[in-house]
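The same subunit A turns up in both complexes below, where it pairs with subunit B and then with subunit C.
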Partner chain A sequence: MIEIVGASRWYGQVIGINDVTCSIPTGLTALLGQNGAGKSTLIKLITGQLKPTTGAVSVFGRNPFACSEVLQNIGYCPETDSFYEEMTGRQFVSLMARLSRVPINDLASAVQYALEQVQMVERADTVIASYSKGMRQRIKVAQAIVHDPKLLILDEPLNGLDPLGRRQLMSLMKDYANKGRAIVVSSHILYEVEQMTQHILLLHRGRLLAKGDIREIRALIDQHPHRIRLETENARKIGPRILELDSVLAVQYDRRDPRVLELETAAPEEFYSQLGDLVLAADQEVSHLSSPDNNLESVFGYLVQG
Partner chain B sequence: MSDTGAPPIADLSYRNYDGPKSVRGPRWWPIARNGIRLTLRKKAVFWALFAFSWLPYVMIVFQLFISSVTENVRGPERFIDLPKYPEMLSNAYGSWFFVFFIVLLAGAGSIAADNRSNAQQIYLSKAITKRDYLIGKWMSIFLVMFAVVFIPMFSVTCYAAFNLGLGDFMRQYGTLFPKIFVIAAIPATVHACVMLGISAWNKAPTIAGLIYVGIFLAWNLFAQIVAALLHDSLSREMRRTVDYFSIQGSISGLGQNVIGAMPRQFFDRHLPPQLPAWQPLLALAIVACVLGLAAARARIRAVDVVKS
Partner chain C sequence: MSFFELLSWGLWDATRKRKLIGAAVICSVPVFLAIIPHFAHAGFNPSVAYDTVFPLAVQQFAMVLLCILYGTNAVAAEVSGKTIPFLLTRPTSRVSIFLSKWAAGTVFSSAATIICALLVALVIYGPSGIVGSPILRDALVIPVGVAVYMAVFCCLSTLLTRPSVPAIAYVFAFETWVWVVPGDFIKLSIMTYVRTISLHSPPVEQNGLAELVQQMRNSTVSMTTSWNTLAVILILALAIGCFAFSRGEYVPKEDTT
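Right, the complex of A and B next:
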């Protein structure tokens, strides 16, 4: 559906993306990268808002730049708020539907469907100025889906949404992908992306660092020692027992907080499966468990070094 | 315990619009329509300015009324030398004050508001081109301005035709009706182009409006000062042309040339002065329009591109 071949985009001396080659099929694809990685630039190339400095981008087999026929089949939800505050949500979605060439006779029903999908029917007739961040996000998504595009591009769509809103939007995206449409979702939060899809494109400093199944990247991460942070009643009591486990390579106590210890493991899955029994045997309550390595920065660190 | 019945089943599966995606009509129309709607939404200010812009035409009605009364009292020999209808119309056409405020109301925020709210990004991701966007924005100012100038002028001309006798009026001034279309389009075109160019380069509608006010007034003043300074060294026609060599001057001068009469008021007993030359004024209006549109076109883009 989307083919990108050797695409680079420079803003003067600043690089947006650098020699990116990939294809994006139907289904849900996540564009993962830290802030400034080039996600938004790639999205703007796909939505025809920018021309690549070198290379080529094709959507539905055509160059999307200023091409109405291609843009008619794309739904785009930008990261930033992009609307008139004095319009109501319904007016805004209607205007966007008109611009997307939805016939006037079908306009009201198409807008109503879109608003239903994002759970905004009740607040649709109040002005956007009164909307919360989450409501604005929903209206932006509604305008992107109102004309039933074949390709839906959502730039950080979960920003500002409450947990329920996130779940509803993820469910909407999955339903949409299951209908054979393509969805590209950008995010800088690994955890969020894992809940949505397995297929990712990983961008770092304008370069495509990895693409494919997120589980493979996870496996790659797991080849490196993995740090896990535990908060218990008494870290020194449970520490020796943890160190006895074959999967654990090292244990380190926190000098400032006697309840906290940090361990290093080469087999996190094995450690997690053993942790329950260990906690019961030590009769220690674990109040907090986290992995400092389980974030995007670590993924990039591993991929760049490894 | 009362039985409230089962709650309605919410169908949350995705049901999207799957009809055709082509509508007749130009692609710029939704943008123009939205712009007009936003202007008309500023109800109190817009309608007040529109009402005030009728004042010069109310004066024409008054003059026509006086004319008919004195005719009845004293016969065809009137006690004052009333201006001819085209002179009255030319006078009213040159009254720019309230019309100019409507330009600011309709145009200052046209693109500036989109810049402020990043709306260009979302507009240009739809099935419209940059040209559609520009035409839509231009039309949203042009159509409002055209209506604001045309409606009172046409209404008063119709009144004048009936007041002065339809047959006589059509014989003498019949060509005024098509001319009204042209002269209403002149301020609408010039203001729409220049205002759009200024609006495109700003993020705050108020700043865009103030810049246009500054350019508009300063230019008018400058032209008049130059004409006064060169008073002795220029011919009468040239002096008049220099005096008109500004945005408002070109609009008024071209309009007066189309009407074929200079402004003359009720008690003004002097003969109307000579019309300014239309060629330099037309050239000035075209240059202003081209510059305005080029400035707007250069600034319209979905993304801010960092320059090296």
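Right, the complex of A and C next:
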């Protein structure tokens, strides 16, 4: 759906993105990176607001810059909190729908449906200037989905939303992705991204640091062994047996909780396959198993610092 | 989205409260100036008063200032207001958006300038004398001047981040003082052609510097030349504006640093 080949974008002496190559398929993809990492630049290239200085960006097989055929199928929710303040939410979404070529006969129903999706029907007829930050965010999402695009691009969409609003929007995005559409969501908040999708593009200082499944990315970081946390009846009884496994590098007991141990492994898949037999042999019950660093926060930290 | 829908949206944009207040203030200045000749010591001559107030206060002040207000903001205000991404990520052609903004600005500024001119004529000639005044002729010519200035400033708006600065410099520095500069520099002023088609000659001080300068000029601008020149400027400015807007990148400045 989106193909980016060697794309770089400079703003004078400042680099926005640097030699980024990736493809974004259908489903939900998160664009992750700290502020200034190049997320918004990449989004502007995809939505045809900017041209790459070098390289190429193609959406639906075409260059998106000012291309009506491509833009017809893109819904874009910008990060900036700017509107035509004197308009009501409904007027604004209607205008955006008409600019997106929603037929006049379908306009009212399309606008109503989009407003329902973001729970803004009740406040849709008051002026945007009176909206809270969360409401403005919802209206921005409504204008992005009003023409039922095949590709939805949301730049920091969860900013300003309360926990309920976040959950609703995440659910909306997942539903959209399940319909076979492509959604690109940018965020700098790792736990948000983790709740939405496992497929990420990680940007840092304009470069694409990693792409793919969070767990796959994690597996690539060999120099940072996986930590696995086990909770058993007696950790000190099973610990020595675990340490005998070739896949395990270290075992550490929890001083405060005798049932818990944490191990380090460079081959988690191998360890998991051996664990069943080991538990049976030791006659111990494992009540809880978790991988504390198999999350985005750790992945991000390893990649950026490592 | 049809052009007329875009136009009506542009007109809605033009009549937003802040812009409307700005337009009202601009248009009130010539009306107040029109009151002054009533208090002249040498006797009040409505024709002389109108021929002074209309070109200077209505054409060269209110009309061009409205064009600056609406023309230079056509694109630049969307960029600085950060609403531009909503427009440029839609399948509606950029040329249509640009032309609709120019058309809406022209319609609104023409209407505002005509109302301003009408009030000036009313103050100078009074309700009974307005029928015999040149207001009807001027009202027909105002949209031509507005369309040309608006096209130039809309064009500037697509090319520069702060187009109002050169626009103000051109109108209030160059066009104001070019009348007293010897040579053919006057032909670089749009106002020269606008005044020629509206049959309002430039103000000439008897036995003064302006009269002397006029005598030094070896050519005058004809009516045909004026119409042709204005048409060329209009088409050229719109063509450059359409070209620039359809190929340009318009991203709020903070997003590029």
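In this section, the second predicted complex is superposed on the first by the 217 of 306 C-alpha atoms of A that agree within 3 Å, B and C clash if a C-alpha of one lies under 4 Å from a C-alpha of the other, contacts with A are read in each partner's own complex, and residues count from 1 in each chain.
As a working rule, a residue touches a chain if its C-beta (ideal position, glycine included) is under 8 Å from a C-beta of that chain, and two chains touch if they have at least 3 such contacts.
The structure displayed is predicted, hence computed values, not measured ones.
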item	value
Superposition on subunit A - do subunit B and subunit C clash or fit	clash
Subunit B versus subunit C as contact partner of A:246, first or second or both or neither	neither
First, second, both or neither for A:44, with subunit B first and subunit C second	both
Subunit B versus subunit C as contact partner of A:11, first or second or both or neither	both
Which superposed partner A:106 touches (first subunit B, second subunit C, both, neither)	first
First, second, both or neither for A:71, with subunit B first and subunit C second	both
Which of subunit B and subunit C A:172 touches, first, second, both or neither	first
Subunit B versus subunit C as contact partner of A:146, first or second or both or neither	first
Touched partner set for A:84, first subunit B, second subunit C, both or neither	both
Residue contacts with subunit A in the superposition, subunit B compared against subunit C	B
Contacts on subunit A seen with subunit B and repeated with subunit C across the two complexes	11, 14, 44, 47-50, 66, 68-69, 71-72, 74, 76, 78, 80, 82-84, 86, 95-96, 98-101, 143
Parts of subunit C lying in touch with subunit A, wherever the complex brings them together	1, 5, 9, 13, 16-17, 81-83, 85-94, 246-247, 249-252, 255-257
Parts of subunit A lying in touch with subunit B, wherever the complex brings them together	11-14, 44, 47-50, 66, 68-69, 71-72, 74, 76, 78, 80-86, 95-104, 106, 109-110, 113-114, 116-117, 143, 145-148, 168, 171-172, 175-176, 179
Subunit A-facing residues of subunit B, complex	12-23, 27, 30-31, 34, 38, 41, 113, 117-119, 121-130, 301-303, 305-308
Interface residues, subunit A side, partner subunit C - complex	11, 14, 16, 40, 44, 47-51, 66, 68-69, 71-72, 74, 76, 78, 80, 82-84, 86, 95-96, 98-101, 143
